[in-house]
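Next come two complexes built around subunit A: one with subunit B, the other with subunit C.
For the complex of A and B:
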């Protein structure tokens, strides 16, 4: 078929990409978000290309197959630092981050201009639960709610309502592990009544999170504090980017990423804070007082900046002679809720940038390699462990939007003690 | 004659409607079953989405009464209040005060919260 002008026009646009993050895929989302060739979308329904970044362990592959088959045809998949499934052996594989936007765009154009066929479906085209309707009305059996019309039970009123006594049907489903609102690799079984979370059970823990190479180096030898603090500020700004994206603020989210990519100058964090206050970001993070608050026990499980947001003044940097020379004291908030965690993140970002400037003037390096403060928490004999089970206490009782905002303000994955491929690739790119 | 014209219009409009429905389907098969499943990032639902959802009409109904009734009674009141004087102002003040209690209650119930 001749290529219509409509197809040519569509081929000029950016590639619409759904990102499924596997292990060691840090930095891919942030890199692609600033690329004009790519538009990251939050649902496979809006994508023409599925990007699988990082290795996907065996237990996660069936979930990825389901996501793969949810893209509307014609579509294709691109694999970054990961081997395609046997059925998709002709799918492009890319190993460098710099080549990724071009490959995604070329794949999208080839699809639109029909130079490339659509990716094959991996799952059989059969109803997941075939119709088993019985009786005159076909609703599946005796009485109004009897039977299982599609082989699945009707949502029934199993538990009392947590909010105001108006009981609603319980809806139970598993979310993740490739949902953009959840940490990569995490799957949770959750029950909703209306938009209120009743139960939350983590079934697959998130993939361990890798921090930038200076933190790994700091465990072995003294490293420049300026370099370390800029890496910390960058990590925090990347977290804020996720929160802003979730809040429906893509412009500001990308502005934060641009700030994070150029921390050598004097980034305007105060201006960013004003924008967030004026735009109501902190109010959005905490519509009801007390929601998303971590109690004393959970605060110690998560540690790091999230604990400092709840008033725990512990920071491994206080025990480092070089930091003491810079006059370092930990910053703390009092409330420990979602909004205070975002405030803490902004405060610590500003503090890290100031420390980096001071340390640069004095040419200071870290003095303590036994215990360092990573953006995920203190790393001494033990590295910060997975804390995703705290969500089972924190999220029930929250409305869906509040729960997602709370989830974005928490870093719960275990710390990867060996630098992953993603961290190495990011370091090479910045060098 | 006019009946014939009406039938013709009916046939034409029905034909146009059916054509509009059929044209987009010409080349496209139905999406596959896995594609039609709700997107949960790889997860699956346990139950149907046919759950009964309470939209909480009571606070909304209360709010409608609070604002709507107020305006309904204010129109006839505006016609007579010059003639009746301070008495009418006082009566309307009492009426608005009672309605305000409803608004305060609805506020407490979270009706004005943007979700």
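For the complex of A and C:
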């Protein structure tokens, strides 16, 4: 009786969901973040449901199995626009975004009320690498040092410190490819001394990123500038949402998402900017001035708004006659560091909304289909390519939180030139 | 005698802890709802449903954790909060631990919290939890020094380190007015001690939950309760040190302490939801370059005022 009462009470809460993003899963995180039925969590240990969104390529499936097995029982998985693993054949599959929150909540409640059994573990509960330690104390090497117990090097000070000369033990580990702070699909191996990044090696590149359908259409035919610019503003606001979430400001992060979902009205970007400034987002929450700065070489590899944040005044919209008619000129910052990229994002969001209003009055469409400016950068003969290797230059020397904020302020995945299912689903939903 | 000196003070501690933890959780959810963060359940029931869910969840483990330390850390943090509450006088006679060195003992709880939080992060044997632990230790010293100076400031007019004397010294003028820098600086200490909101560097979202990123089930519930309990204990100490404790017209002393505690608690929770997390390097700079000198100024101000009033 008591257990039944406890279970009924537990079932009243939201579904705690860890989102593992596969290919073409854009928009899922932002949609679920506004749903009262779902609470997105940052660690699989804090979830009762694993949501796999989009196709997971073969090379990433073992990583997904490891994430799956980290959820504490009772737990289950839900698959969005993706087929469950053979071992999880009874796991629900959902194909429309609208049905997702209800399915997640129902799955969570079924687990709590014992109407559904917990998902089986997919991997044996053994260390991923065999014990290779030596010595009486199991320290893993000859004498008192060295060795690779469980396949990992001991925490040893093999490198000079990059900050203040105080050498600490080096801690090396792998992160991703489903870590919420990294672009979907990206896996990296990093070495830290204390909380300072010494090395960063990208081992798996992020999945190519889809942009909204108007950008794909703009490569084929003239499209409404109002529609295109609102899609750009939405894209930028979604990125800002990620930055605010990482900065531990969930209230404003959600406000940004609500702004992004209603761009047809008069979104108050000036008010948002005031809140960001007054709350200390730029001065207190972001890395120190100059940290996360892109140099001349890396700036050209990333392109787009990230390059403009470093003072490169290149924007494909300048070459479009319709944009010139609207008096378009690129906005730039000078510093090129992490904080300036957030300022650039905010400035460009405001600019896009202003352009959309002007273009709507004049009923203007794009004039140039050969070269367009996507939120990821210029798309002409070639689409923006993966630039995740720049992190090996940009992140070392940064404190962990600075590195995560810097990562959030960069879009490094290659541009998907064929609209993915995620982009199609988003377009359908908005229509 | 046993009733007034043992049973009643203990009852007040457990009542404040129980109700305080629930009140803090409800207040936090009400603030979230005010910010239009979607919530599935009502703010009143949501903490209970969350607790029920965690009670039903498996307590997971990691690869080779320090299990005893991992299980002990949340209980120790909760105990520190309870011991902190035991120092709070509810009236001139109703207090669980009336020590001549009460302020010093509270300072030692703040220092011990650093050890407990480090233990929580370290014991999981996981990288993100460990970074959260490193961070907390690195920043702990910054705000502990501020706390020390601010608390000496409230001890000066009382010429005592006893909490009861500190309250009685506020009969002519509460310290929140007499020492205008004291309470704002002490609130910063509170945010640091409870790693809440802008100073949540140990359990932050960039670390996927930091020291608690690897825990689930009942252990996570105890950790969440301990954090709320520490918020409550800190609020009660702040109400005692700066808001005149039991002093106030019409209502009984314990009710005044509860109301003032609730006020400080609401302020801390609101601060936690109104600002982003301060970056660690900027946090250290802010503490040492701005807030610590302000704590000196507060101390000089408090000393001068005490001399003039004497």
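In the analysis below, the second predicted complex is superposed on the first by the 397 of 431 C-alpha atoms of A that agree within 3 Å, B and C clash if a C-alpha of one lies under 4 Å from a C-alpha of the other, contacts with A are read in each partner's own complex, and residues count from 1 in each chain.
Criterion: contacts are C-beta pairs under 8 Å (C-beta built on N, C-alpha and C of every residue); 3 or more make two chains touch, one makes a residue touch a chain.
None of these values were measured; they are calculated from a predicted model.
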Taking the superposition as given, does A:34 touch the first partner, subunit B, the second, subunit C, both, or neither?
second
Quick one: is A:63 in contact with subunit B, with subunit C, with both, or with neither? Answer first, second, both or neither.
first
Does subunit B (first) or subunit C (second) touch A:290, or do both, or does neither?
neither
Contacts of A:169 with subunit B and subunit C, given as first, second, both or neither
first
Residues of subunit A touched: more by subunit B or subunit C?
C
A:121 contacts which: subunit B (first), subunit C (second), both, neither?
first
Where does A:105 make contact in the superposed view: on subunit B (first), on subunit C (second), on both, or on neither?
second
In the superposed arrangement, does A:178 touch subunit B (first), subunit C (second), both or neither?
first
Touching A:258, do we find subunit B (first), subunit C (second), both, or neither?
second
By the touch definition at the top of the document, which applies to A:187: first (subunit B), second (subunit C), both, or neither?
first
Common interface positions of subunit A, toward subunit B and toward subunit C:
43, 45, 70, 72, 127, 150, 171, 173, 179-181, 194-195, 287, 399, 401
Residue ranges of subunit B touching subunit A (in the complex, touch as defined):
31-35, 37-54, 56, 113, 115
Residues of subunit A that touch subunit B when the two form their complex:
20, 43-45, 60, 62-64, 66-67, 69-72, 121, 123, 125-128, 149-150, 152-156, 166, 168-182, 187, 189, 194-195, 287, 399, 401
Subunit C residues touching subunit A in their complex are 32, 35-41, 45-46, 48-50, 52-53, 55-60, 63, 127, 130-131, 134-135, 138, 197-198, 200-201, 204-209, 213-217, 220, 273-283, 286
Would you pull the subunit A residues touching subunit C in the complex into a rising list?
6-7, 9-14, 16, 34-37, 39, 41-43, 45-46, 48, 70, 72-74, 105, 112, 127, 150, 171, 173, 179-181, 192, 194-195, 244-252, 254-255, 258, 279-281, 283-288, 399-402, 404-405
